[in-house]
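Both complexes shown next keep chain A, but they swap its partner, so chain B is in the first and chain C is in the second.
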Partner chain A sequence: MDKDRRKFLKLSTVATASLIPSVTSASTEHCEDDFDNAFGVLVDTTVCVGCRNCELACNQQNELPEQPEEHFSDKSVFNSMRKPSVEAYTVVNRSIDSQPSELGSFSKIQCMHCNHPACVSACIVGALTKCTHGVVSWDAWKCIGCRYCMIACPFQIPAYEFKEPLKPRVMKCTFCYDRIHDNKKPACVESCPVEALTFGKRRDLIKLAHSRIETSPDKYYDHVYGEKEIGGTSWMYLASKEFINYDLPKLGEEQIPQMTEIIQHGIFKSFLPPLALYGFLGLVMHSIRQNKKKETENDEQS
Partner chain B sequence: MMRRFIRHSLYILIVSLLVPMSVGFANPPIHNSDLTCNVCHNCDNPTKESPCTRMCPTRENMHITSEHLLSEAPDTIMLNYIEKESASVRFDHKSHASMSQMNMSCKTCHHYSPKDRIPPCHECHARESDPINLKKPSLKGAFHRQCLGCHREWSHDTKCVVCHISCDDNLSLDNTDVSDIVGISHPVIHVPTSKIYHTPYEPGPIVTFYHDEHVDLFGFQCVDCHVEENCGYCHDLTHPKNLVKTEEEKHEMCVQCHQINNCGHCHDTKRKPAFSHASTGWPLNQYHDKLDCRACHPTRKKIGRLDRHCNSCHGGWNQQNFRHAITGLILDENHIEWECTDCHPDNQYNKQDCSGCHDDDITPENHIPGKHVVQH
Partner chain C sequence: MSNHEVPTPINAKFFSKGAIILSFLTLIGALGYIYRLIYGLDTTTNLSNQYPWGIWIAIDVATGVALAAGGFTTAALADIFHRNKYHSLTRPALLTAMLGYTFVVVGLLADLGKYYNVWHPMLPSMWQGNSVLFEVGICVMIYLTILYVEFFPIVIERFMGHVNLPGLLSKYNSLIESFLKISNRTLYRVLSLFIIAGVVLSCLHQSSLGTLMVIAPYKMHPLWYTPILPLLFLLSALSVGFPMVIFESILSSWSFKIKPEIKTLASIAKYTPILLFCYLSIKVADLAIRNAFGYIGETSIESFCFILEMVIGVIIPMVILFQRDKRHSIKYLFLSALCIIFGILLNRINVFLVAYTPPYSTGYYFPSFVEIAVTAGLISGLILVYRFMVIHLPVISIQRVKYNAVTDTPKSESTVKA
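Up next is the complex of A and B:
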C-alpha cells in the first residue's frame, strides 16, 4: 500500500513536469523583439485639418452602427473631448487650448497598439494578444467579459457593449488587421486627404518623425509621442505643442505591465513555485504523519 | 654570409611590394570643397546601418527661386489626375498666384523647382505614396495639404464639394467667378482714409496717419508696407496674429522714410491736417499740381527736397522753345526779345530783377512786362 502511493506520487510529478515545457512554449507567442519591424502609424497633428474623414472610413470599414454622412461633417463635436466608444473606434478631438473663435489643431485618438500592452497583460483568458504586424487584437471566443482590459488601458480605449447582454463585445481599433494582411493601409490612413497619417514600419516612422522635427524645429514640439511612452506604441504622434493638449496622457517610459508581471509571473512561473509550495507542504504533512505513525507504533510497542 | 644576403634581399623585396600596395589600396578620401557631410547626412556619425540621410538634394530638385511671369502660366487648370477616385477640381491659378504675391509668390506652392521651369505637382508626387520614401506625400496628399491649409481657415469648412465639382456641373474652364473663392466671398476689407493713433508720447500723443495719401499721393504699393501680410496674416491658426507691437515695431515702417529724430513730424497734440505741398514752402502751380509725386521725386522710398531751379527738371527749355505764356504772363514785344537771364539772374526763375534796364522804382508788380492770362 505504502509502496503504491509512493509510486503514484512519483508518476504524477513526472507527468506534471513533462507538461510544463509545452505550457510555457504556448504562452510566449509574443513577437517580443520585433517591435521595430511591426507596423505603425505616425499622426502629424500639425497637418490634420479635422475633416473627420478617418472616422467615416473607420465606421464603414468596421461595420459600426450606420451613421448618415452629415454626422461626420458636424464640427460641433469638437466642443468636448471625446473617447472612442462602441460606436466609434476612432475619434478626432480639437486641442484643449484652442480658442472657440479659431479652428484649432486636431488629433485622432484610437487604440495605440502598445508594444507592451497592459490590456494583454491584464486579460486573464488571453483574449487580447499582441502579435504579428504589431496589432493588439481581441478574440471574441476567448473573452469572458471581465473588462479588466478597460481598467488596465492607460489611454482608456477599450469600450464594452453594455447594451448587448447576450453577446457583448469589447470594442476597439483593430488596426484594420485584414487590410494590413492584404498589403493595404488601414482605412483611416487611406481616407486622410492631407496624409496626416503615415502608415509604415514603426522603425521607419520614428526616423521620419525625427527628421520632420529636425527639418522644421519651429513647427514641432521636440518629442515623438509613443516612441518611448510605456515602452513604445505602434501609433505615434507629432505636435506643435505639449501632447496633454490632445488628451494624450503624460506617461513614463516604463512598460505598464512590467511591475505586475514581475510579481504575477514570478509567483506562477511555469507553475513551479506553486508546485514547490504544495510539494513542500505535502512533504511536511507526510513527515508529520510518519512521525505520528512512529509515535503510535512506539506507543503500541510499549 | 650568402644566407644573410638572401634574407635581407627577401625583406627588401617584401617591403617594396607591400608599401605601394598599401598606398594603392588605401581608400582615398573624396575631397569636394562644396560638399560637407551634413549636406546629405543629418547626424554626426552616420554608419552603414543607419546612414540618417536627408532628402536627396539632387541638382534637379534644388529649391531655386526662379522668377516667372504670371502670364506664362495658365489662368485655370483642371486638376483631374486622380479622376477615378474623385471629381475634378477647377483650379483658378491666376487668382491664387495673385494672392500669393504678398507672400512668397510662386514659392508658396511650387517648393521644388528646377532652374528654368516650374514643373506640375504630378511630376514629383506619384498617385500612390512611396512606401520607401515616407517623407514625400502622394499626389492626393500633396494637393490637399496645399489647398486645405488655407481653405479651411477661410471657409471654416473642409467639405469636399467646395473644390471638387460634382459631375453634373459644367466643366468649362472659363466658368469661374473670381469673387467666389471657397463658396463664399471674402468680406470687403475696409481701407481707412486716415487713422488716429493715441500714443504714450506726452509732448505729442496724437499721430495722424493718412492712408489714402500714402497710396494715392505717394504711390506706395500695398506690399511696400504690408509685408508678408498674406491670407495667413489674419487666417493663420498656428501662429495667430500678434496685435501687440513693441515701440520699435510700431516705428519700424515709418522711419524708413520719415526721420526718427523728428518726432513732431508725426506726433502732435491735435489731429494733423492732410498733406499740402505748400507746407513744404513750395506751393504747386496748376501744372505741377496735376503731377504724381513720383514724377518729380523719382526715388522709390525717400521723398526729399529737390533743387528748385526750373532747369533741374526742365533741362530742355531754352530761349527758343519756352512759351512764357504758361507762367500766366504773355511778354510784350519789348521784353520777348531779351535773354531769360536778363530778367531772371542766376537762373532764379521765381524771382524777377528789372534793375538791369530800369530804375529802382520799376518793379514787376507796378509795371507788368506784358499781360496776365487766365491759365488753362
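Up next is the complex of A and C:
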C-alpha cells in the first residue's frame, strides 16, 4: 500500500511539476502585492515538543532520501544546530541554552517563503519565482547552477546538490505546492501531533498570533517573527519569553532586494544612463577628432 | 605621433623556459577541469551550502574581469580622447582584455552547476531584469563579442594579401582574401561605434560586479558592505587598467628582450595615483559615514585582510606614483603596478570570500587543490595564448630599429595610416 501511495505521489509531483511553470508565469503579476491573501504557517515554538514528525512527513512527501524510522526519533541531533540540506528541507533545532526536551526551546526551520524573496530577485534566469499562494518555487529546467540564490538568502536556506555532477538541484522547502493547490495542508502541518504549526491565510495568521500574545502575555514574547522582518515572510514564529532566539537571524524590516534593485533600475532606467554615456563619449571622440584635423590642416598651411 | 613604432609579430621562440613551466601548469589545470566536469563540484571543490562561492568566482571571474580593464581604459584614452602617443599600448591591452574575458567565461563554466545551461540568460523568456547577475552576464557576453570584433582588424592586417592555405585548401585563398578585404573596409568605418560601446558596457558590468554582494547585507562584514560597492568596483577597475598595461608591457619587454617604452609607460602612469586617491578618499568617507572605522582595529582575519588590501594595493603605489622621478624608473613602475594588481586581487577575494560570513557556519572556506590547480592553469593558459599571439600577430610595437631586424615583411605599414 505504501508503495502505491508513493507511486501516486510521484505521479502527482510529475504532473504538478509540469503545471507549475504555466501557473506561475500567469499569476506572478497579480499576486505580487497580495501577501495577506497568500498562505502561511504560524509556528508556535512554545508548543513544539521536538518530536520531529514534521521532518519525517516532509521527507516522505518530497521523496527525499529514505531514512529508517529511528532516524527521526533520534534526539541526539539536538546537540548541534542543523540547517536544511539536500536531504532534509526542514529540520528541528533545540535552543543551545535549554535543557533537553524543555518546552518552548524547539524550533522548526525551513524556507520562509518571503514576501520579497532575495533569492527570487537574485536568480539570473528567473528559475525562482514567488507565485500563487505565496509559494517561492524553483524551476529545475531554467536553473544554471550559479548559486547566487544561496548567497542572497538571509536565512541560509537553499541547499545545493554539490555531489551531483550532471544535474545538481537547488533544494529547499516547496511549501507542498501541489497539496496546497488541492486544498490540502502542507505535509508537515498535517503531521504535527500538538498543533504547533497552523496553516492558513497569512492575514489570519497574523491576527491569530497577536491574539495568542494578548491572551497569555506572560507566556509569549511580544513579537511575531516574520510579520515585518525583511518585508514579511509567509512562515511566522511565536516564541516563549525564555527562548526568544529561536535560531532565526536578527533582521530589520527593510526588504533585502530593495537596495540592489534601486541601484539596478537606477542605472538602467529605460536605458537612458548607458545611452547618455554612449552619446557623451561619441561627442567627445568626434569633437577631439575634428580639432586634431583642423590642427594638422593649419600646420600644413603655415 | 608614434610613427616610428609599429606593431609587429615578435621574432621569438615560443617555448622559452618560462613557457615550459606554464605549459605544465596549464596541463594540470586542464586535467583538474576535466576531473571537475566528470565528478562534480563536491569531489573537486571545498564549496558547501555555507560557502556556495569560492575562488572560481572571486579570482577567475571577479578578478579576471577587473584585470581585463586595461582594454577599455586604454581604448578610452587613446581612441576616444585621442591621446595618440598611447596608441602603441592599445593592442596589447586589447589582446589581454579579449583573452581575459574568454578565460573568465571558461572559468565560470567550471563553477556553474549546470554549465550546459549557460546560454539560458539569452532567452528572452528567462530575462530577469531585477537580477544583478543577469546584467553582468549579458554585458560580459556582448562585450566579449565586441572585443573579438575589435581584435579582428589585427588578424586581417596579418593575413590580408598573404592568405596562402596549403594543399587542397588553397582554392579558397581568393575567397578568404576578398572576405578579409570586405571586412576590413566595413570594420574601418564602424570600429569607433564598437569602441565606445565597449567602454560603456565595461563601465556597466565592472560596477555591477560590485552590486552583486549588495544583496547580502546581513552576511557581509561591515568593512566591505556598502551600497556604494558598485562605485568602488568601477573606480578600482579604472585604477588597475593602466597598471595592468604597464605590468604586461614591462614583462613582455623582459621576456622578448625588447626595450620597454619607458616614456609612454611613465606618462600613462600619471593618471593612476589620481584615480587611487579618489578611490581612497571615497573609501575613507564611506567608512566614516557608516561608522565602520572601529572594525579596522579589531584583530581578526577580516581587519588584517582589509589593512593589507589598503596599504599594499592603494597607499604604497599611490605614494610611489605621485613622484615624477619614480614614474620614470622601470623598477618602481613595475613594483607599483604589481602592488595595485595584488590589491585588486585581494579586494575581490575579500569582498566575495573573506567578507562573506553566513549566519550559521561550522568552519571556513579554503580552496581545494583542484580549485587552485584550475585557477593557476587558467592564468598560465592565458599567458601562453598571449605569448603565442604576440609572436604571430602584430600586437606589440617595437621601435623601427628593431623592426628592421625582424625578418618579416613590412606588412604593418598599411595600418599606421589607418
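By our rule, the second predicted complex is superposed on the first by the 228 of 302 C-alpha atoms of A that agree within 3 Å, B and C clash if a C-alpha of one lies under 4 Å from a C-alpha of the other, contacts with A are read in each partner's own complex, and residues count from 1 in each chain.
We adopt the following convention: a residue touches a chain if its C-beta (ideal position, glycine included) is under 8 Å from a C-beta of that chain, and two chains touch if they have at least 3 such contacts.
As the structure is a computational prediction, the values presented were derived from the model and not from experiment.
J.: Could you tell me whether chain B and chain C fit or clash when both sit on chain A in the superposition?
T.: On the shared chain A, the partners fit.
J.: Is A:104 in contact with chain B, with chain C, with both, or with neither (first, second, both, neither)?
T.: Only chain B; A:104 stays clear of chain C.
J.: Between chain B and chain C, whom does A:47 touch in the aligned arrangement: first, second, both, or neither?
T.: A:47 contacts chain B only, not chain C.
J.: Look at A:38 in the shared chain and tell me whether it touches chain B only, chain C only, both, or neither; answer first, second, both or neither.
T.: Neither partner.
J.: Given the superposition on chain A, which partner contacts more residues in chain A: chain B or chain C?
T.: Touched residues of chain A are more numerous for C.
J.: Which of the two partners, first being chain B and second being chain C, lies in contact with A:214: first, second, both, or neither?
T.: first
J.: Could you look at A:206 and tell me whether it touches chain B, chain C, both or neither (first, second, both, neither)?
T.: Neither: A:206 stays clear of chain B and chain C.
J.: A:143 in the overlay: touching chain B, chain C, both, or neither? Say first, second, both or neither.
T.: Second partner only.
J.: How many Å separate the nearest C-alpha atoms of chain B and chain C in the overlaid structures?
T.: Nearest C-alpha pair, chain B versus chain C: 26 Å apart.
J.: What residues of chain A sit close enough to touch chain B in their complex?
T.: Of all residues in chain A, those touching chain B are 46-47, 49-51, 73, 75, 102-105, 192-195, 198, 200, 204-205, 207-208, 211-212, 214, 219, 240.
J.: Give the list of chain C residues in touch with chain A in this complex.
T.: Per the touch definition, chain C meets chain A at residues 37-43, 45, 47-50, 52-53, 76, 79-82, 111-115, 117-118, 120-121, 126-135, 137, 192, 196-197, 199-200, 203-204, 207-208, 211-219, 227, 230, 356, 358-360.
J.: Provide the residue numbers of chain A that touch chain C in the complex, in ascending order.
T.: Interface residues on chain A, with respect to chain C: 81, 83, 85, 118, 120-127, 142-148, 150-152, 154-156, 158-168, 249, 251, 256-257, 259-261, 263-265, 267-268, 274, 277-278, 281-282, 284-285, 288-289, 292.
J.: If you look only at chain B, which of its residues touch chain A in the complex?
T.: Listed in rising order, the residues of chain B that touch chain A are 42, 52, 54, 129, 131, 134-135, 137-138, 140-141, 144-145, 148-149, 152-153, 156, 158-159, 237-238, 240.
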